[in-house]
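Worksheet: one structure, shown below.
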Amino acid sequence: MDDYILDLNRENRIGFPEVIFWANKSSERLRRIFDDYEVLGKNALATRVQPEKAAVLLEAYPDSRYDDTSQSFVLHLNELASTKANIGIINAGSSDLPAVNEACFTLNFLETPATRINDVGVAGIHRLLDRLDELRMFKILVVVAGFEGALPSVVGGLLPQPIIAVPTSVGYRAAQSGRTALNAMLSSCANGIAVTNIDNGYGAAMAAFRILKQTGKDIVKQ
Amino acid sequence: MDDYILDLNRENRIGFPEVIFWANKSSERLRRIFDDYEVLGKNALATRVQPEKAAVLLEAYPDSRYDDTSQSFVLHLNELASTKANIGIINAGSSDLPAVNEACFTLNFLETPATRINDVGVAGIHRLLDRLDELRMFKILVVVAGFEGALPSVVGGLLPQPIIAVPTSVGYRAAQSGRTALNAMLSSCANGIAVTNIDNGYGAAMAAFRILKQTGKDIVKQ
Amino acid sequence: MDDYILDLNRENRIGFPEVIFWANKSSERLRRIFDDYEVLGKNALATRVQPEKAAVLLEAYPDSRYDDTSQSFVLHLNELASTKANIGIINAGSSDLPAVNEACFTLNFLETPATRINDVGVAGIHRLLDRLDELRMFKILVVVAGFEGALPSVVGGLLPQPIIAVPTSVGYRAAQSGRTALNAMLSSCANGIAVTNIDNGYGAAMAAFRILKQTGKDIVKQ
Amino acid sequence: MDDYILDLNRENRIGFPEVIFWANKSSERLRRIFDDYEVLGKNALATRVQPEKAAVLLEAYPDSRYDDTSQSFVLHLNELASTKANIGIINAGSSDLPAVNEACFTLNFLETPATRINDVGVAGIHRLLDRLDELRMFKILVVVAGFEGALPSVVGGLLPQPIIAVPTSVGYRAAQSGRTALNAMLSSCANGIAVTNIDNGYGAAMAAFRILKQTGKDIVKQ
Amino acid sequence: MDDYILDLNRENRIGFPEVIFWANKSSERLRRIFDDYEVLGKNALATRVQPEKAAVLLEAYPDSRYDDTSQSFVLHLNELASTKANIGIINAGSSDLPAVNEACFTLNFLETPATRINDVGVAGIHRLLDRLDELRMFKILVVVAGFEGALPSVVGGLLPQPIIAVPTSVGYRAAQSGRTALNAMLSSCANGIAVTNIDNGYGAAMAAFRILKQTGKDIVKQ
Amino acid sequence: MDDYILDLNRENRIGFPEVIFWANKSSERLRRIFDDYEVLGKNALATRVQPEKAAVLLEAYPDSRYDDTSQSFVLHLNELASTKANIGIINAGSSDLPAVNEACFTLNFLETPATRINDVGVAGIHRLLDRLDELRMFKILVVVAGFEGALPSVVGGLLPQPIIAVPTSVGYRAAQSGRTALNAMLSSCANGIAVTNIDNGYGAAMAAFRILKQTGKDIVKQ
Amino acid sequence: MDDYILDLNRENRIGFPEVIFWANKSSERLRRIFDDYEVLGKNALATRVQPEKAAVLLEAYPDSRYDDTSQSFVLHLNELASTKANIGIINAGSSDLPAVNEACFTLNFLETPATRINDVGVAGIHRLLDRLDELRMFKILVVVAGFEGALPSVVGGLLPQPIIAVPTSVGYRAAQSGRTALNAMLSSCANGIAVTNIDNGYGAAMAAFRILKQTGKDIVKQ
Amino acid sequence: MDDYILDLNRENRIGFPEVIFWANKSSERLRRIFDDYEVLGKNALATRVQPEKAAVLLEAYPDSRYDDTSQSFVLHLNELASTKANIGIINAGSSDLPAVNEACFTLNFLETPATRINDVGVAGIHRLLDRLDELRMFKILVVVAGFEGALPSVVGGLLPQPIIAVPTSVGYRAAQSGRTALNAMLSSCANGIAVTNIDNGYGAAMAAFRILKQTGKDIVKQ
């Protein structure tokens, strides 16, 4: 008897499929769930898959793809047109890449292209200012930062788009594993910043996807 | 000499005007700022204005309007077509009205109609389920709740739109003046919930407005 | 000389035997305690037994049983009539199974059958609504949930039985290893929810057992 | 137009009526809600009513009753047989009376008698030990304590009944307005203690009532 | 008999006189301390003096000066050359003025001129960028900000001087009365930011003064 | 060159020698410090020595003694008259033994006998009550408890001696690794309980020793 | 009927009488309790009595005495020989006087003289060093400090007596209303510091009294 | 394609080069960054490099140097005149050496000599008092301490220089991994103490360097 129940109706109900939060599931249960999705002819995404579990799965599903930075596992990686992304994912520094990549993988799973804008943290503000014209092109901005989490405030004061802010667990002690960045983003003096949980690239991607569907923009698969 | 500087260029830059956070400003400074806006022929919104300060301002500006539930003060209330709202503001109970009204007043200031859906908290879940068809009509949902802050999770599992969740400082001790609801919303098992600061109806309205502008929907002034 | 004292009188005093909290006891002391119980002809339950210690014990006591999901160890597993359970243990998702199984093992030790209702979390509320008739049959409901901990609020608004809510340490950062779910359950807008410590399936089983003894229901051993 | 919706169906659904959480509602709204209940011929209970608001209501409803210790307001006080109480409400000291009285008033509203056992805190443990025979007579024990919140642990080690523990916000600084007692009760070394929010006499009464209904005991109205 | 002891030797020891922290001292004790300083022919500064106590003192010492924004009281205000300030005090917005003014009054008491740069918060970053040449002229920068506390990070990435960061208790709930800004400044991704307690304009002035004395710059009294 | 300085004068100054807090010191530095003490003909105690480091030291100093429960290491174990202890160390359960043993080893190092009273936690209060006559014999009581930390309150209400309470990091989640017991002991409704840091058996022993020296009691070495 | 029970046996049991914690008791109940003590011919002490309640009591009991700094109320002030105090109460600054005076009043109530050593905080360490000979005369030291709470560490490194450390709620924001001083004292690098709750002068006096009784020192009433 | 961007302009902008925060970067990326610096003929410093990664780098860059106490890695160690240091780094005990060494390595990288003053913690205050003349010689004092973090308060009351306080994560439970020392330093009763993040020797060095550049002191390379 199975001790899980797939929510296969979710896509009809809210427009995107269930995703598997994998943190403390056993390898054996993971395989059973994945097999179910294969039988249904559906793609599947699992987040927070430890490397040793991913190794087992990669062998079982040769077409699957694992990103070790974000610990994301996807059954079939979509090929998307990178030139027409509506979502820009801005990050403060390369330590933020786990959350950035989780967002990218999730959007790929949703067949939605996204573009990464790396290393534009506030300690070298000119790096951000130099790229404002490029940033104005996106429909939605996902802004990822750790330490003091100041980047969304600066972006929010310069650009008019919807902003999804993602705090990351990067920084020394007073950074409190991301709680300082989280509280800073919630307290932003810029207007209309919406925030996700710490390191939650997956949730930010989902929030951006909810918005994108309302804008009527085509989601361009290559 | 003035000890404040209006950011009059903000509207050109990011598409909406500066709003005045008034908490600990003196009555005398408030008057000077308001006069500046009047001279410029612009409307102005101030949030968190204590009743005794509002009384002074109401006398000075006879056309102005004060909402004592949310402590919002607006120089000129816009008349908007209530029948065509793209934004639905769902709340769990009448104790949440301060944040709800702050959101409504802010959207009015931005000439954007919104509709309130009151008293649909999770302790009587049928009240929400009975109104799903109505809720599907909105482009964006703002979901306001205190206590355990569970409402956005339920809404997010039932409806596909962008969801801006607003925790409120309502509830007994373990509710921690809204921090429990805040953390609950950030930890939601539903996908793609974006969250604002506690009681921040103003920020939720701004986040919704950023989204609405991207959807190409007309903002209908009566 | 022994550095522990068994509280063998507890069963007479309050109606259920002592249980062993094993977290940081050495393997050697565990063996001595278990032997004492065997000599007394009593069954024994130990909670939070790490797998490597359990392996040693399983070899020593061939009839014993270890559940690795909840890390519970019982000297003799009782056979109970599963069809007549008075206690329903509802959980939000399969990540909650450690606490669920700890509750089940404890109730088995107390010769009390229980039924698990899996995977009915609030992000897919229909899964719960579909099973309300089944849930009405139980005398007592134990409701187990992590993340935002909203499930007891929804259950408490729909059903009249005593509800023991168990927060679990499941979820990303703002879930705070279960403190968010704990505070949410304590702050529930539903009425009369009683709460245990985080992940405390054992305590929930004991609380349910205290109640069940007052209802005069037979405890049915197969 | 009303900005609240009474949940009049709640009694059918879960067996007890809605109660009004009144903290920040205006006097004017309170009156309207109360009038609705009067028209329906139903009794009503409101908790956390500040004295100045209570004074207004007492004048409007001459038969109503206000308890200033717990700030509870009830439209019609029930007369109950005090000699046959199934619920014992134990408290550590007279500083805990606000929560104790809130529980008593709520149970009166539910037409359920209760008995108070005062001033049996752990700093004078003999006061509790002297009354064990009396305490064994109750079906359910509600245990209320502030400071270090140790009373439920001692009671739980001595008596077999269901125990609902209520931490109170009594004590100096490290008592943290009740959080220390709350955490202590959740961490109790006694078995099967179920806990409510801080100062939540109302919730404890509701939890006890849920249990009492399952025991088949008559609820004796005088 | 006096129950206080003036530390009159402090100036010889560390180069600046004792300052009076006045929060919960009685009016009567304040007068006695002030009289002692008058007799000694020394100037005196008291911080956090409530307005009602200040009114009494202003009457007693006609030459004294009280700043109600920062609640600072000084026996004799020094006249300083405002054109040659070595210390720049940058603030994010006018809500930060209590801490800014406390720093200014303290520096005045130390006969050290300072210049305020107002309203250059990160939500309108151009306001800061426009004044970089002016800011490069100072020997030391004191940077004061509430909400998310991002300003010192941006300043620290653009300018080479010593930076004393002062978090303020300005902002909504998640700002945590300044703790968010404090943690953000301690976690800054910019290098070499030194931080004071929340709202501690006095401490920042003292830290700046310690530095200034090492630079050999003249302290210019008009 | 050495990067540490022994405080050899401490014994003259305050009556007891320096003790080595060893947590993150390297094995190599440990050896050098111990050799210095050997050369000086003094005994030495080190606390919190990890087992792998202790193994190295035990080989180097054949007369030394290591207690793996408390991770205490002493160069020469004193032989003390166990029959004349002035200090009683009461503990709630065997999970508290690390702190209990650290206290015992420290007192042995100070040539002061102590007696352990095990397993008298509040969930079985009779175990404590049965031994009150024995407990009245001690000059000082050290009371060690984890979970809800209630034991010092009960002891303090029954016995008149000085009480040093030691919270331990034992218990599930809401026990917060000892903070709950710490706050409970600080908030005790019993009078005159003095508290040490969590798990700080060493500090409790030192506090007891400071008291014992004032009582004029002989410290009896066998 | 009375809703309180005096613990008149406490003095026989543990050697000192019950004291009344008065924070939220009504004036009317206070009077009844006091009258009971008068009838019994016993002295009584109440702590944390607000000034307006004290005024009522002072009128009712003309021989009583109220200390408004510590808000202590005593029925009959004892006259004690100030020249032979065994307990020294050291404080960092005059802001600590509420806790200092509470300790003094409590010791007076216990007919035990004490001496105050004022204003010897660590920012002017010589003030403490100058008085070491005087401090060596006491049997017990109570050390009271707010802000960073460093004074007990310095005293504990210089003097051998038992030290009861009392943190006070004095200081700006990061002082956290005394929690910083509390944690600092618990974490002291000095040995054998025992700590009470924040501002708990009463508890410190009781702890000192427990010790003093063991030393066999006469308690000298004038 | 590279996923990092060096901020090579930083030295021109603020006078010191970028430093690499290395915590969760992969070995492979570290090598690429280091090679870039080598090609540019620049020295490079990386902080928080785990030993196993350092081993790989030491092999690749034979002239490099790794300090395992502070986990700092520098490409080329500068030879500096140790006799002319303007910066004194005071520490409370040898457990603080990780932060002390990080500060020293960073200052070496900036070609700035510094002197360490070890083991002068407040529990043996005479060790500090004995060296005051030596300490007066420095232009800037960096003060490093864990446990209760009292050292900067004592130093700040005795010496007039700029003081950068560094809390360390040393101490038992209530030390809260450095938060207690951090809060204590921020709450210091001494004047003008500026504070860095916990264990942040790097930040303290940078803050000291910002100050030193303003004093016009030569930075003396041997």
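Assorted remarks:
A, B, C, D, E, F, G and H are the chain letters, set down in written order, and residue numbers restart from 1 in every chain.
Simple rule for what comes next: a contact is a pair of C-beta atoms (placed from the backbone, for glycine too) under 8 Å apart; a residue touches a chain by one contact, two chains touch by 3 or more.
Everything numeric in this text was worked out from a predicted model, so none of it was measured.
Chains that touch both chain B and chain F are the following: C, D. Using mean Cα coordinates as chain centres, the one most removed from chain A is G. Against reference pair G-H, the listed pairs F-G, A-B or B-C yield one interface repeat, B-C (criterion: more than half of contact pairs the same by residue number). The chain pair with the larger count of C-beta pairs in contact, out of C-D and D-G, is C-D.
One simple way to say how far apart two chains are is to compare their mean CA positions; for chain D and chain H this gives 57 Å. In terms of their C-alpha centroids, the spacing between chain C and chain F amounts to 36 Å. Computed from the mean C-alpha positions, the centre of chain E lies at a distance of 27 Å from the centre of chain H.
Distance between chain A and chain F, defined via averaged C-alpha coordinates, is recorded as 50 Å. Residue positions 10, 93, 123-124, 156-158, 172, 174-175, 179, 182, 186-187, 191, 197 of chain B are each in touch with at least two other chains.
The chain pairs satisfying the stated touch condition come to A-B, A-C, A-E, A-H, B-C, B-D, B-E, C-D, C-F, D-F, D-G, E-G, E-H, F-G, F-H, G-H. The part of chain E that touches chain G in the complex is made up of residues 3-5, 7, 9-10, 21, 23-25, 29, 169, 177-179, 182, 197-200. Listing the residues of chain E that touch chain B in their complex gives 93-95, 97, 118-119, 123-124, 126-127, 170, 172-175.
Contacts from chain H toward chain G in the complex involve residues 92-93, 121-125, 129, 147-150, 153-154, 156-158, 171-172, 174-176, 179-191. In the complex of the two chains, the chain A residues touching chain B come out as 10, 13-16, 19, 139-140, 156-164, 182, 186-187, 191-197, 202-203, 205-211, 213-216.
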